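One chain, chain A, appears in both complexes that follow, with chain B as partner in the first and chain C in the second.
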Partner chain A sequence: MDVGTLFHPRSIAVVGASSSPEKIGHEVMANLSRFDGRVYPVNPSADGELFGEPFVESIAAIDDPVDLAILAVPAGAVPDVVAECAAAGVSAVVIYAGGFAESGAEGERRQERIAETAAEHDVAVLGPNTSGFVIPGDGLLGSFASGIDELGAGDVAVIAQSGGVAHALAFQALREGRGLSAMVGLGNRVAVGFPEAIRYFDAHADTEAIVLHVEGTDRGRELLEACRAAETPVLAYKVGESDVGDFAESHTGALTGDHDLYVAGFEQYGVPTVSSTTELLDGATALAGGPVPDGPNVGVVTAQAGPGIIVADRIQRAGGRLPSLSDETEATLEELLPGITYADNPVDTGRPMPAFGDVVATVARDDAVDVVLVYELYEASIGLPVDRMEALVEAVDKPVLFATDGPDADVADDAAALESLGVPVLRTPERAADLAGVLARYGALRARDAADAEVVARE
Partner chain B sequence: MSDPSPLADAVDEAAASARAEGRTTLTEAEAKGLLSAVGVATPEFELAADPDAAVDAAERIGYPVVAKVSSPAVTHKSEWGDGAGVAVGLDGPEAVRRAAARIDEAAADRGIAASVLVESAVDVDAGTEVIVGGTNDPSFGPVTLVGLGGTFTEVYGDVAHRIAPVTEREAREAVTSLTAAPLLSGYRGRVPADLDALVDVVRTVGDLLDASPEIAEIDLNPVLAASDGATALDGLVVLSEADGAGDAEAGDAGGADR
Partner chain C sequence: MDVGTLFHPRSIAVVGASSSPEKIGHEVMANLSRFDGRVYPVNPSADGELFGEPFVESIAAIDDPVDLAILAVPAGAVPDVVAECAAAGVSAVVIYAGGFAESGAEGERRQERIAETAAEHDVAVLGPNTSGFVIPGDGLLGSFASGIDELGAGDVAVIAQSGGVAHALAFQALREGRGLSAMVGLGNRVAVGFPEAIRYFDAHADTEAIVLHVEGTDRGRELLEACRAAETPVLAYKVGESDVGDFAESHTGALTGDHDLYVAGFEQYGVPTVSSTTELLDGATALAGGPVPDGPNVGVVTAQAGPGIIVADRIQRAGGRLPSLSDETEATLEELLPGITYADNPVDTGRPMPAFGDVVATVARDDAVDVVLVYELYEASIGLPVDRMEALVEAVDKPVLFATDGPDADVADDAAALESLGVPVLRTPERAADLAGVLARYGALRARDAADAEVVARE
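Up next is the complex of A and B:
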């Protein structure tokens, strides 16, 4: 199955397109108005035109080839419309309607019919039971959600089992001033599932990191193998500690819960799991926009002891390590800050000061450090060490994160300047520590897999 | 995993009687026969048809021995027959004869065919009881588990799962990730267990599941992890249903969208 025409179509038909603004068949037409290709409104009982395109009565009535059909029709009509699409040579279909395998025997039969059509004609079906997908960089908004047109282009692809979660992540990104390279709600996964979506966005030029929201899938092994094969960093949020399977006879069966297998499997296949949408987006944004860490060791520099302690404590609980710094690093720190408060890791300078940027750079250069986390309350007379960090990120190929706080108006410019350098700026110590934890876990898995590869190469 | 067929062959051989009789659960003797064939240590054992044969077996194996009911009709041996199902610490012929006779009587009372499994007794205090197991998961395929074993396995739930087959490094990490791991490495003067041997058992269980779709579940509980090796003291092997249940359905039924 080729999902290329699903996620990169040249032409689209909206079946169930409507002139009534309260219908999703209208909302999706509105969202597709930015699409750089023909969009055909299909509705046998409508006349005139919609967004400048004349209504057509059926998919079959469109003379030109249609790559993607978006179905805004009720569940009962979906199987026949999918069959019409397949007969007309449409190779990708999005089904918004619910009322399929998630809702009883009749729904299961409907889904079965769609699955058969999709398999027979090799149609890439997204859904059913999804609110669709968007590729903001292509102006392709295959979603009926209002406001999704405000989401800009970015470098993180969201692949969510739930369309609702996909949109929640999209609006969270929007609120944080970030864009996405893609947002996909998989829904019931009658044809297009995690493996297909992961492979596509791994090869997608605009995508630098992939995040997964997973509730449960029958294709766990394929999902893991697609993650392992991906060159793009992948993070996963597995939700739902569901019941164990139908095993009664053995202890092993009773002890083997679905959730345990996902968490263990993701780690085994090189994917860190997270426990919130915030960690998911923060982690992916950092991995997409900056260097990726080579190990789990975090160097912490703080200008205030208290937040530094919160950070140091939380990083270790999140799977990061705080390594000792080298003698050379400590000697340099002594020179920079005679009588420094605490020159081991975390390095506590006591307060913001002109040499602060040099202190950060010294810690960042230590070979024992894979990730640098800086905490510094904003002090207007000094600001954040933007220039020093600009030089540092050019010279050192490891993630550097800042956590700071102060009035928004004071902090905003320096924070934006750091963000533009690929230095994430978080506003609470916990959120920064959680991000460092995600990066540390990712670094640990990379280090592990690199060591494995070295063993294989030697053998 | 370069040549998995010897493992699959061993499974087919061990499962032949069960398949012929329409059983999906191997007897302990069948399961231990399979384990021996694939290199997992088990205590020396023999099957005996009656009390005299049980004594003969015990003489060959050497005292002390354990006597257990062996029957396709009995899964939970220690709870079976008002405690007749398992007799431990049998240090002479009379004790063996009595235990075997009790098993015979309990089987006759219940109208089942049973023989007596006579097995070399193992000092469980010489090591740590571990569980090693595996299942054929509908979504992930073969998966393995290692954890703190014995009677309280499910109470503590101190287990680690891995997708099988597992590498040596993955099996070792699974073992060392357990809360109980210090018990295996010489906590407070204990003799450290032979971790390499335990890691081998974890790998072998994963390899068995990976090599043979015949196996639905394996449960080695306990495996005694001692300084001189890892020995499976009990073994449960459940075969997959013969009708090929669990074939993929159209689409992906797991988890509806919300």
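Up next is the complex of A and C:
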């Protein structure tokens, strides 16, 4: 099965296209109006045009080849339409409707029919029971959600079991001023599942990191193998730690399975797991845009001890380590700030001060440190050490994170300047610590795999 | 010891007031320029005026009574200045400087001297080693932090062991468009500690909820008794779960102690603990502004199953319960939405739809439900059910929370309308679930205490 025509089609047909603005067959046509190729509205009971294209009676009635059919029709009609698409040579289909394996025996039979058609004709079916996908960089909005046209291009691909979670992640990225390289809601995964999507976006030129939202899958091994084979960093959000099995099965037809087994499996295959949508996006954004850490060791520099304690505490609980700094580092810190408040890791300068940027740079250069986290409440007379960080990120190949807060009008410029250097700026100590934790766990897995590879090479 | 003149002084002296804008003795004078009463700049080596007030040579040289002295002088000078204040009849002192019990033997001796003076003359000393306090409603900004003058009045009082965390919470509130009734950084607590601050703000007319940031205290029992005696809801953020003891002791001179013991102690005395600054503020804002839950049972309504699973999972791990709904509720739901996707708790409508508000109201009216959490991605053609929620919050005395996301320009108006009804609107499923979790834990403790009281009454 080739998902290339699904995620990069030359032409699209929308079956169930509608002139009524409140219908999803209208919403998706509106969202597709930016698409580069032809978009055929298919509806046997409609006349005239929609977004400049004349309505067509059926897929079969379209003379030109159609790569992708998006089905905005009720569940009962889906199996026949899929068969019609297959017969017409359409190689990719998106199915929005619910009412399949997630909803009882009749739904299961319907889904079985689709699965058979897909297998027989090698059709890349996305769904059923999904709100679709978007590839913002191609202007391809295969989703019926309103507002998704605001999402810009980015370098993180979202592959979510739930279309709702996919959209929640997309809107969260938008709200943070970020874009995505792709957003995919897999739904019931009758044909296109995690393995196919991971392999595609691993090879996707615009994608620098992949995030997964996983409820449960019966293709766990293939999913993990695809993760291990990926050269692109992958992070996973496995949900369903407590008892939500019943409700989850009613969702995309999959049990959530044993949460700990999934987490251990991901880890074994080099994928750190996270505990929230925010952690997922923050982690992927950092891995996509900046240097990748070589180990789990976090150097913390803080200008205020209290938030520094919060950060140090949380990083360790998140799997990060706080290594001791070298004698050389400690000596340099003493030189920079004679009588420094606390010169171990975390390094506490007591207050923001002109030497603060140099303190950060000193800790960042310590070989024991893989990730640097800086906490500094914004002080107007000093600001954040943007120039010093610019020199630093050119000199050291490690992730450097900043946490700060203050009135937006004061903080915004310096924060934007740091972000543009590839230094993520977070606004609470916990969010910064969580990001450092993800990076530390990713670094730990890389260090483990590098050590394993060395052993193998020596044998 | 009366902290009334500390938190509600009629006149203030700033010892170490300075004309140099980069000095904290200048910053605090600038911040105090909004204060209603007299503010005397004290500095024996300065001439002229500062913010319209002539410099005074010493506390003793001020003719009128001074309620509060704010000390912006180095640690070495502090014990003598405190003694001078006490001799002049000043009944409250704030000490910014560090270099006391948190920093070795000499510092300990200095702190001991202050403690003796405070005890002998009954002086309410805040600090040392704190960035101060603010009471925005009184225009009283006893902090040297830049930007803190932007913080408006609100109904939550922040009492933090760390001045840095106090300010981080204040800036977070500001960024969320909220104010605070008070922000206090206790620092080394040589005189004013948690018990005094809790009792004061429990009686403070503008305070409807109190939040605590706790690293460690040797007055644990008194702290807990003050919490139990408070009529105002109290939430606590106990930090230091992993090994940060060394660094923490270097901060405000206190060990973080056994984290689990603190958490259990707080719970025993009716105070739920939280795991982040965000959860602390969200929880307090909800308890201050809205109805207080009677138990731990959360009714979840979602328009998208995936985020609903995240929410249901996380609420249960946070100590909330997802009760079964009554037969009557289920029947009403079936009437509202024949063939509803999932009519158990969580209730899943499959998509946003016109009946969505009625579904929420039906769940909210179920007696098994103490807290309602709604998840609904914003859909432009339908919006959020603001009118329906307005009727609901008038009819039921339970917290109702909304989680939504979408482009800001679309969501903002409806979200603001819900907020103004006392319905908190969160933008990620996890943040909403965490808030529901805090409320559920608070509700559980109330239910327990109510049951205990009934037993006592019957005996």
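What we mean here is this: the second predicted complex is superposed on the first by the 442 of 459 C-alpha atoms of A that agree within 3 Å, B and C clash if a C-alpha of one lies under 4 Å from a C-alpha of the other, contacts with A are read in each partner's own complex, and residues count from 1 in each chain.
Basically, contacts are C-beta pairs under 8 Å (C-beta built on N, C-alpha and C of every residue); 3 or more make two chains touch, one makes a residue touch a chain.
As the structure is a prediction and not an experimental result, all values here were calculated from the model.
**Student:** Tell me which partner A:G216 touches in the superposition: chain B (first), chain C (second), both or neither.
**Tutor:** first
**Student:** Going by the contact rule set out at the top, does A:A115 touch chain B (first), chain C (second), both, or neither?
**Tutor:** Only chain B; A:A115 stays clear of chain C.
**Student:** Identify the partner contact of A:S381: answer first if only chain B is touched, second if only chain C is, both if each is, neither if none is.
**Tutor:** A:S381 sits against chain C, while chain B stays out of touch.
**Student:** Which partner, chain B or chain C, is in contact with more residues of chain A?
**Tutor:** Counting contacted residues of chain A, the larger count belongs to C.
**Student:** For A:S162, using the defined touch cut-off, is the partner it touches chain B, chain C, both, or neither? Pick first, second, both or neither.
**Tutor:** both
**Student:** Taking the superposition on A as described, I'd like to know which of chain B and chain C A:R427 touches: first, second, both or neither.
**Tutor:** Only chain C; A:R427 stays clear of chain B.
**Student:** Would you please give the residues of chain A that touch chain B in one complex and also touch chain C in the other complex?
**Tutor:** 98, 103, 161-164, 215, 240, 247, 250-252, 256.
**Student:** Sort out for me which residues of chain A touch chain B in the complex.
**Tutor:** On the chain A side, the touching residues are 98, 101-103, 111-112, 114-116, 119, 129-130, 161-164, 185-191, 193, 215-221, 224, 240, 245, 247, 249-256, 258, 260-261, 264-265, 268-269, 452, 455.
**Student:** Taking the touch rule as given, give the residues of chain C at its contact with chain A in the complex, in rising order.
**Tutor:** 21-22, 98, 103, 145-147, 150, 160-168, 171-172, 174-175, 213, 215, 239-244, 246-248, 250-252, 256, 275-278, 303-310, 312-313, 316-317, 341-342, 344, 346, 348, 350, 377-381, 405-408, 410, 427-430
**Student:** Where on chain B does chain A make contact in their complex?
**Tutor:** So the residues of chain B in touch with chain A come to 25, 75, 131, 133-135, 137-141, 143, 145, 147, 153-154, 157, 159-163, 167, 169-170, 217-219, 221, 236, 238, 248-258.
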